[in-house]
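Pasting the structures here.
Look for chain A in each of the two complexes below; its partner is chain B in the first and chain C in the second.
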Partner chain A sequence: MFDPSVITDNAALLWQGLLVTLLYTVATIATGLLIGFAIGLAQLSRILPIRMFGRVYVEFFRNIPLLVILLWSYYALPIFLHVNITKAWAGYLSLSFYIGAFYAEILRAGVEGIDPGQSDAATALGMSSGQRMRRVILPQAIRRMLPPLVGQSIIQMKNTTLLSAITVPDLLYQGSYISSFTYKPMEVYSAVAAIFLIILVPLTALARRMEGPHARIH
Partner chain B sequence: MPASIEPADILSIDHLNLRYGNRQILRDISLSVRQGEVVVLLGASGCGKTSLLRSINLLTQPQSGRITIGGEAIFDRSEQGVDRLRLGAKQIERIRARTGMVFQQFNLFPHMSVLRNVAEAPVIVGGMTRDQAEQEARDLLLQLGMEAHAEKRPAQLSGGQQQRVAIARALAMKPAVMLFDEPTSALDPELVGEVLRAMVALARSGMTMVIVTHELGLAFEIADRVVFLDGGEIAADGPPAEILLAPKHPRVASFVARFHESIDMLKPFLETA
Partner chain C sequence: MPIGTTATEPSGALTRRALLGAAIVLPFAARAADADDPSAVLNAIRASGVLRAPVMLGEEPGYIKDRKSGAWGGYYFTFLQSIADDLGVKLQPVETSWGNLAADFQARKIDVAIGVNPNPQRALVVDYLSVPIFSDAWAVLTPKGAHEASWAELNTPAKRISVQTGSTMQIVARALLPDAQVTPVADRPTALLELQSGRADAVLLSILDALDVHAHGIGEVSLPRPILQNPATLCVARQEGNAGFINFLTTWVEQERSLGIAQATLARAWKARGIDLSILPPDFTF
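Moving on, here comes the complex of A and B:
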């Protein structure tokens, strides 16, 4: 029997969990965008060491599972550095660095996808490399980048559930907690899944609509 | 102008060499273009004419040689690869802006209006006020018959219209010499005429022009000189009538034979017209 009272009785805990999930989602997306922008530009740099740094960063964070990054930064990094790292900081930084690598790849691909003739035309008019990037390349690239950026951000919200592994009280963590004293995993985990669906289905639809007409501009 | 005064060289290229890896694209090219002169570069595909044009404003970096635009060197490197000139990016950009370039694929900025395409560089490179730049841009668009399309995006225009906007965009920087890289090759046949007419008008106005094209008719119409490239070298250089009608070099002869054939085929129709 499905017992909805488990959910209504513990709505406050679920609500708190949801706020934590949303907080980490928004904060790590914002920080990740800054990191991704910097690393993406580094990957496009004409200066080899900077370009290599960008490449190494991206491959490093894309090839370690996020769960490993989270556990490592919370349990192993403090031992290496002899400092105390709270689970909040470990979670925030891990998720930010991780998604930054994916945003950087989206930026790089977006810029490299622009016809080289655009850069030629801007160069021939006497524009500097900075002006070419700001006035000609990025405005076109960002339009193409929006759908994959939204898609990656949706994945990021789902990835925050891994925070429960380092006991950050996110939505999934609160669900597990409720389930542990009510013995009603069916109701609780169904509720957690439903909350994600309610938030992410409209965003996914939005991302799909953005892919439509915008992708056809060029 | 008194006949005793020789017009100055606007552009001079000395002993230019360009390689991609082991492939020699340009071999010891020397070429001077005087003020007001119209030079048409001809040659088979892959002969290096587009590379030569792109070397002039350093869109393509040559290995060695010397390039001077408006009396000021933009590139000077010995055959041994020693730079005899070290310019910062700012100086290269300043000298490069004296050349205007028109591309085969137009390369208009798709996210800007036609007006903005023309006015952008004068504002951000030339330091003009936006009002002044837009006023001048409208004048140029008027000259090219595009004033009615100023607020449109490039994607709303035909290829011929886009190329005319691209010419206006290049002219907006008030270049000393205009470089055209096969400006009609990407156009549908019925759109070639409007671009050729714009180029003829520009040549008549006294603009110095270097044109890479396959339109031999254009060469006859406006060229003061035809330069024929073969295998990265200059095979012939002279007035169009001399080069195209009485070719001495066998490669030039075979290149223009096709043109002569099409003229012969057209003759009966032209005579009845």
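Moving on, here comes the complex of A and C:
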């Protein structure tokens, strides 16, 4: 028997959790974009050590599960490096570094997907490397990158649920909390799922709409 | 300890050798003195002014987080508060989970944990107190109308038992229910979800936890025979200089038990939660 009072009685806790989830989503996407831009460009660098650094960064964060990164940053840093960071910082940094690797790959693939002939043409017109990137490559690449960037950002919002593993009070944490004293997890997790749907379905629709202009480039 | 010399040696040589010897020996001597000081950990806690102890969700009535203020309570928290008061320090709750408790100790995020079951494998990395603060019993929560009279009755291939991953319940299930289908799950709400969705025939819980769940109108509580004691003790990080802290905690436990303070704390908790202990045999003591 579904008991909606479990949700209405504890709406304040769910609301607090949602705010934390949104805060982490926005903050880590913003930081991750900066990281992704820097690492993406590093991967495209002609200087081998910089290119290698970018590649190693991406492979490191892309191939370790986020939950392991979260637990490692919160528990292993104090043990190995004597760096005692709070769970809030551990969560913020882990999520930012993690999504930064995916954004970097999207940027690299977006730039490398542009026909090399365009770069050659820009060079023939006397453009420098920076000018080519700013005026010719990136404007086209960004249009191509937008749909996967939005898609990855949607995944990032769902990734924030792993924060509950280190007891950051996000939406899932509050859901677990409510379940722990009401003993009605079905109602609570259904509500958490509904909240994610309400927020993410419009964003998914937006990402699909963005695929229109992208398709027209071809 | 003075450096050994003979009276016939020139004073300059003595001084140089003494200084060299002191330079080599004193740092080690100082560390050895710290390591040998049984009060080192106790003094460090008192100097810091805080006692850090784990608290966790999904463990009511032992740990209860206030719905509005977020402040922690519950009988385990009351016990921890009493320890902090006796130490003259502030209690600092560190929110975590049973699964992360070992990492919390290793990362030195907590000083003491309460409500733990002695476990020899974990005793390789943490120090348990030799006396429990109280002992309850292992019970099973079953769907309404069901009853399990004995562990042998539960130990059949048809029975599906839900236990919490990494908990003592898992060890109990492995020992007593080798023929049953035992499913480890992350936490108590998930175990209850298994029961409520018909995927489990029983959830293994301590009797206090099972009765607390039952007080919310969920399932039936059985106390399978033979009754298995479930000692709840304390543990601290394994480190040099913690002997004094362990001794202090052991003394605290002895006092809580011998003066009936622990039992009174538990009784208040049961009353506040509306827990009915009539299922327990009349001669059962905590």
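The working rule: the second predicted complex is superposed on the first by the 217 of 218 C-alpha atoms of A that agree within 3 Å, B and C clash if a C-alpha of one lies under 4 Å from a C-alpha of the other, contacts with A are read in each partner's own complex, and residues count from 1 in each chain.
Going forward, a residue touches a chain if its C-beta (ideal position, glycine included) is under 8 Å from a C-beta of that chain, and two chains touch if they have at least 3 such contacts.
What you see is a predicted model, and the numbers here were worked out from it, not measured in a lab.
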Superposition on chain A - do chain B and chain C clash or fit: fit
Chain B, chain C and vertex chain A (Cα centres) - angle in steps of 10°: 150
Chain B versus chain C as contact partner of A:Tyr183, first or second or both or neither: second
Contacts of A:Asp120 with chain B and chain C, given as first, second, both or neither: first
Partner chain in contact with A:Gln131 - chain B first, chain C second, else both or neither: first
Touched partner set for A:Gln140, first chain B, second chain C, both or neither: first
Partner chain(s) touched by A:Pro78 [first = chain B, second = chain C, both, neither]: second
Least Cα gap, in Å, left between chain B and chain C after the two complexes are fitted on chain A: 52
Shared chain A contacts, counted only where both chain B and chain C touch the same residue: none
Chain B to chain A touching residues, read off their complex: 57, 59, 89-90, 93-94, 96-97, 99-101, 103, 105, 107-111, 120-121, 124-126, 155, 166, 169-170, 173, 179
Chain B-touching residues of chain A, taken from the complex the two chains share: 115, 117-118, 120-129, 131, 135-136, 139-140, 143, 217-218
Interface residues, chain C side, partner chain A - complex: 57-60, 64-65, 67, 95-97, 100, 103-104, 106-109, 187-190, 192-193, 196-197, 213, 216, 218
Contacting residues of chain A [partner chain C, same complex]: 10, 13, 71, 74-76, 78-79, 84, 165-167, 173, 176-177, 179-183, 185-186
